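Look at the two complexes coming up: chain A is in both, with chain B in one and chain C in the other.
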Partner chain A sequence: MSRNRAIPSSVLLRPSRLQKAGRAALVLLALLFLAGFLILPVVAVFSQAFSQGWRMYSDSIVQQDVLSALRLTCLVAAIAVPLNVVFGIAASWAITRFEFPGKSLMITMIDIPLSVSPVVAGMMYVEVFGLHGWLGPWLMEHNLHVIFAVPGIVLATVFVTCPFVARELIPFMQAQGSDEEIAAVVLGANGWNLFWRVTLPNIKWALLYGTILAASRSIGEFGAVSVVSGHIRGKTTTLPLEVEMLYNEYNFTAAFAAASLLTVAAIVTLAIKKIVEGTTGVHREIEEQEAES
Partner chain B sequence: MSIQIEHIRKQYGSFTALADVSLTIEGGELMALLGPSGSGKTTLLRIIAGLESPDDGSILLHGEESTQQSASTRGIGFVFQHYALFRHMTIFENVAFGLRVQSRQLRPTRQKIRERVQELLHLVQLDTYAQMYPEQLSGGQRQRVALARALAVQPKVLLLDEPFSALDAKVRKELRDWLRRIHDELHVTTVLVTHDQEEALEVADRVAILNQGKLEQIGTPQSIYDRPASPFVYNFLGNVNLFHGRLLADLSSQVREGSAQEPNGSAIGFVRPHELELSRELPGDVKAVLANIVRIHATGPQIRLELSIAGNGRPVAAELGRKQFEEMALVPGDDIFVWPQSIRLFENGEDTSLLLDQGAGI
Partner chain C sequence: MPVKLAISPRTSVRPWSFGPKSSPLPGFRLSFAFTAVYMTIIVFIPLAAIVLHGARAGFGAFLHTILAPRVLASYRVTLGSAAAAALLSAVFGMLLAWVLARYSFPGKSIVDALVDLPFALPTAVAGISLTALYAEHGWIGRYLEPHGIHVAFTPIGIVMAMAFVGFPFVVRSVQPVLEDLDPAMEEAAASLGASSWQRFTRIIAPVSFPALLTGSALAFARAAGEYGSVIFIAGNMPMKTEITALLIVTKLEEYDYTGAAAIASAMLALSFTIMLLVNILQWWVQKREGQRV
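Let's look at the complex of A and B:
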């Protein structure tokens, strides 16, 4: 496997003064855009959060409601992410290793959550599980609460995040092919050995990458969760919902303090993602394999 | 262990990969399955391995019905065209894999595994590479690792799917000789799939030639080269002159073989370049044609001539020994008489033309 480094374009082209100026202008424009639309808002979040001092900030966070929202967010992520990992591996394995009728339909269906507005996703669940929905009466009879309760929030989150792992794995596994797995089977490996010794080690970085994306989305999901949650403080509000509620109550410092937690979570996942990309070159590997095949 | 292939059929949609193929591979034999792409040779190999199941027919391993047996329990070693080494494992771990995944009762001790792997790495001359990863090795080295990995579980049958075709010519030749030596040492029943006739004829005990899902001919390399059973085999083995024509009755003066017998029937004749006789004078007892020497390839023990038949310009290849070449003192542009020493004729439905009118002896 050759690791060709691209020759920097600056070696190939000796730019004129005018070209240099144009290049600088482009870079400046991009930087300004980033600063204005991405960095400034993040700074604003933290400056608002700390505007009344550290004391006020920490008080806002250790509030009962914020803490329970944080707990619920973590709980939802802890359920939704593993579910998606299992689904993602199973779906990618099925799609890349077997031929079956309806395969292309399945590939399309995996993308539905990305193309449907999250609000619509939430409403679909209300229609199915809500009091007046298809399964509502039956659920009532058995005293099961889905909508306006934690199960509904988990379902909505699973729905929105379900493409992430599969979409990361499918192209990767397609590019890798199944030769190694066939070799392992011929050598006498059973399904267990095949998965743990051959498949998983080969896909682990792409899997981790997809998992990070799914985790960050499930922590931050607002629209779908908002519809099914019912906004019961301390019970069915996740952190993004709590932020909105605090904000609507003109409790800006507390709202931004809670928002800063989400922002930190986002920055942490970005950092992990960057490290994963850097140390393993998931995408570089995919590109190389595609180039080879 | 012997392999019996009985009336195997395999269909992919409307494409017939194998149409009723029967073949027996003797224990300890090295058999080559030779054919162009799409001939069904790889499908047949994968069916023997249990990686594909036939639509009809059965596979018997050592006399035992094995058609339904799963690939992981057939006790076979498989070597892939693109090596299929486990990229995240060291060379040592790659070779050890088949031993490590055995069930607890069968699995050798750590010490035994270590010894066995080292023994195999020694066999494939890669002792010092144990701790490297596949991507650090060259193609030829990787394929040797793949072979060691396949041999680790002491397979009763070794199956190789175009194992050398991704390698460059020199390495390919080395590995081919080396495979033959290993086979002579271990005597594992081996099936080698290849599209390279030179490889098949050189390395195998017997060669089976497949074409469009059917077995064309089976035999030792020599018998196949000397007596190709069909025009396809002749063409596929290459290095042959092909003539179309009509059979004349008075062919007695020349050696002839093949299926075409009917006088005046349309026929295809095959003559190998070394079976052509050349002379500066018109021979008295045979019919010959006049040809012009276009090019001379004089590197190697045999001299190869590219000829063009006078009148119709058809290209013909001839070969002669160095000594005769020097005696005749041939140079490009010379006109010489050419006639076949022996010719192999097959019936042909269509084309009737050419050589007859030239009086070349068909």
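Let's look at the complex of A and C:
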């Protein structure tokens, strides 16, 4: 997204000294806002986590509960993200390569999880799989547990992260068009070859970008997971839920130590995102293709 | 000649058909069926479950639940704070978008990446961190408390948390519009003697206004449904600082599933209204752009 486009350089728009001062003031104001509003909270996480020293920090992290929460968070992401990658590819293939009635309805449906409150998202699955829900009695009979168990957490995570890959791929594949794919089919490629040799190499960066967003959200999801989890220590607490529980027990150092792991994950996400954007210009490519057509 | 290769990249390949014979590209049935089934299971059925459960109690009981004094107070807190947060996001989001799109300064690409931090940082982490900052002895709170400004555990704290998660929406909506603004328009205006203030109010403001409105609406929607970052800083006093999302969780914990479903349906109605408004806004933007070209 960072296109260091040249600033209008015409003689007519050359800034006066007063305007230059104004610009500097605006930049300064923006930087101050960013420092106080975004950077300070991140610094506060680490400062609180290390407030009792390194030993306390490492002790808080290697606790059994924190480690099992970390494992569960990784497990949930490892299931939810691949599912949504497959969904994203299927949805964008159907939507960008074919015409069918109800297409715009389908695009709107994909956006729904982004506008629904996470708490409502979690509650939907309680309504379907909970004890008083539609499938609750049947699940009970067969001794299957979805709500207050890992499957419910996975479902809630799948819901909140399902738009990310599709939303990256749809505009990208729309802009790219299908000429190369049609050429491959005309030359005799079957569906399998078409996907692995033509489509996937073309979309790989946009796909990676969407996957990163989905992974980041599935690691950090709180509201939806909180409703379906039941907060059973060591069994159904993900890392964000463990942060909440430690915090509510006034175990602040441990809460911030666990939070620092999530903060590092967030910073790594931003860095990878920036690299993908910078080296490949995912967004620039879309815009250039749109400009050409 | 079986295939026409001169297909505009913007339009899809062939009109509606379920047969692979009439479209050169394979995989429509598979990708369409997978997408439709996935959306039905993950999004559609659970959504229907909530709305139907909310309605099952009957219209009178439904109204009684969603219009109870404590619930009404939670709407006031949620919507009022979300509106204030959207306004704050609009002001600072516009500032950041402007600075990023028009000026170059050292560290700009880092600033650009940092804007996405609230998307990447788990909401629970943001929540405890903001609380630590604005609490009585926190880094920011200790300078505000002596002046009688209480942020943590008051509606101001709720607004701060909501603005934190909301303002990137404004930046990411406005920034591309400002970057794509043709410098020739401003040069033409300047050559005709327009002052920089006139250029701003007559050219830049009208062009970027719909994007600003879209971004603010998205920020408002996110803020209204927000849970994780708000509950830690809110204090959660019924009638005063209790948000609607938390009230749903409270009802669930009291096993009042019908009440929770009724309030969740009300929140869903709000989400869909905002989604509709955003779609109308975007349609309006596209129409205007069409006219300009």
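Of note:
Note that the second predicted complex is superposed on the first by the 280 of 293 C-alpha atoms of A that agree within 3 Å, B and C clash if a C-alpha of one lies under 4 Å from a C-alpha of the other, contacts with A are read in each partner's own complex, and residues count from 1 in each chain.
Keep this in mind: a contact is a pair of C-beta atoms (placed from the backbone, for glycine too) under 8 Å apart; a residue touches a chain by one contact, two chains touch by 3 or more.
Keep in mind that this is a model prediction, so the values were computed, not measured.
Of the two partner chains placed by superposition, only chain B is touched by A:188; chain C is not. In the superposed model, A:140 lies in contact with neither chain B nor chain C.
After superposition on the shared chain, chain A has more residues touched by C, the comparison being chain B against chain C. By the touch criterion defined above, A:62 reaches neither chain B nor chain C. Applying the stated contact rule after C-alpha superposition, one finds that A:201 touches chain B and leaves chain C untouched. By the touch criterion defined above, A:232 lies against neither chain B nor chain C after alignment on the C-alpha atoms of chain A. Touch criterion met: A:179 reaches chain B and chain C at once. With both structures placed on the common chain, the touch criterion links A:270 to chain C but leaves chain B unconnected. Taken together, the two complexes place residues 1, 179, 182-183, 185-186, 190 of chain A in contact with chain B and also with chain C. Residues 1, 179-180, 182-190, 193, 197-198, 201-202 of chain A are the ones that touch chain B when the two sit in their complex.
Contacts from chain C toward chain A in the complex involve residues 2-3, 5, 7-10, 12-16, 23-28, 30-32, 34-36, 38-39, 42-47, 49-50, 53, 92, 95-96, 98-100, 102-105, 108-109, 111-126, 128-130, 132-133, 138-140, 163-164, 167, 172, 175-176, 179, 183, 186-187, 190-191, 196, 221, 224-228, 232, 245-246, 248-249, 252, 257, 260-261, 264, 267-268, 271-272, 274-275, 279.
Contacts from chain B toward chain A in the complex involve residues 49, 51, 71-73, 76-78, 80, 82, 84-89, 97-98, 100-102, 135, 149-150, 152-153. The touching residues of chain A, when paired with chain C in their complex, are 1-5, 7-8, 10, 12-13, 19, 23, 26-27, 29-31, 33-34, 36-42, 44-45, 48, 86-87, 89-91, 93-101, 106, 108-113, 115-120, 123-128, 130, 132-134, 155, 158-159, 162, 174-179, 181-183, 185-186, 190-191, 194-195, 213, 216, 219-223, 226-227, 240-241, 243-244, 247, 252, 255-256, 259, 262-263, 266-267, 269-271, 273-274, 278, 289, 293.
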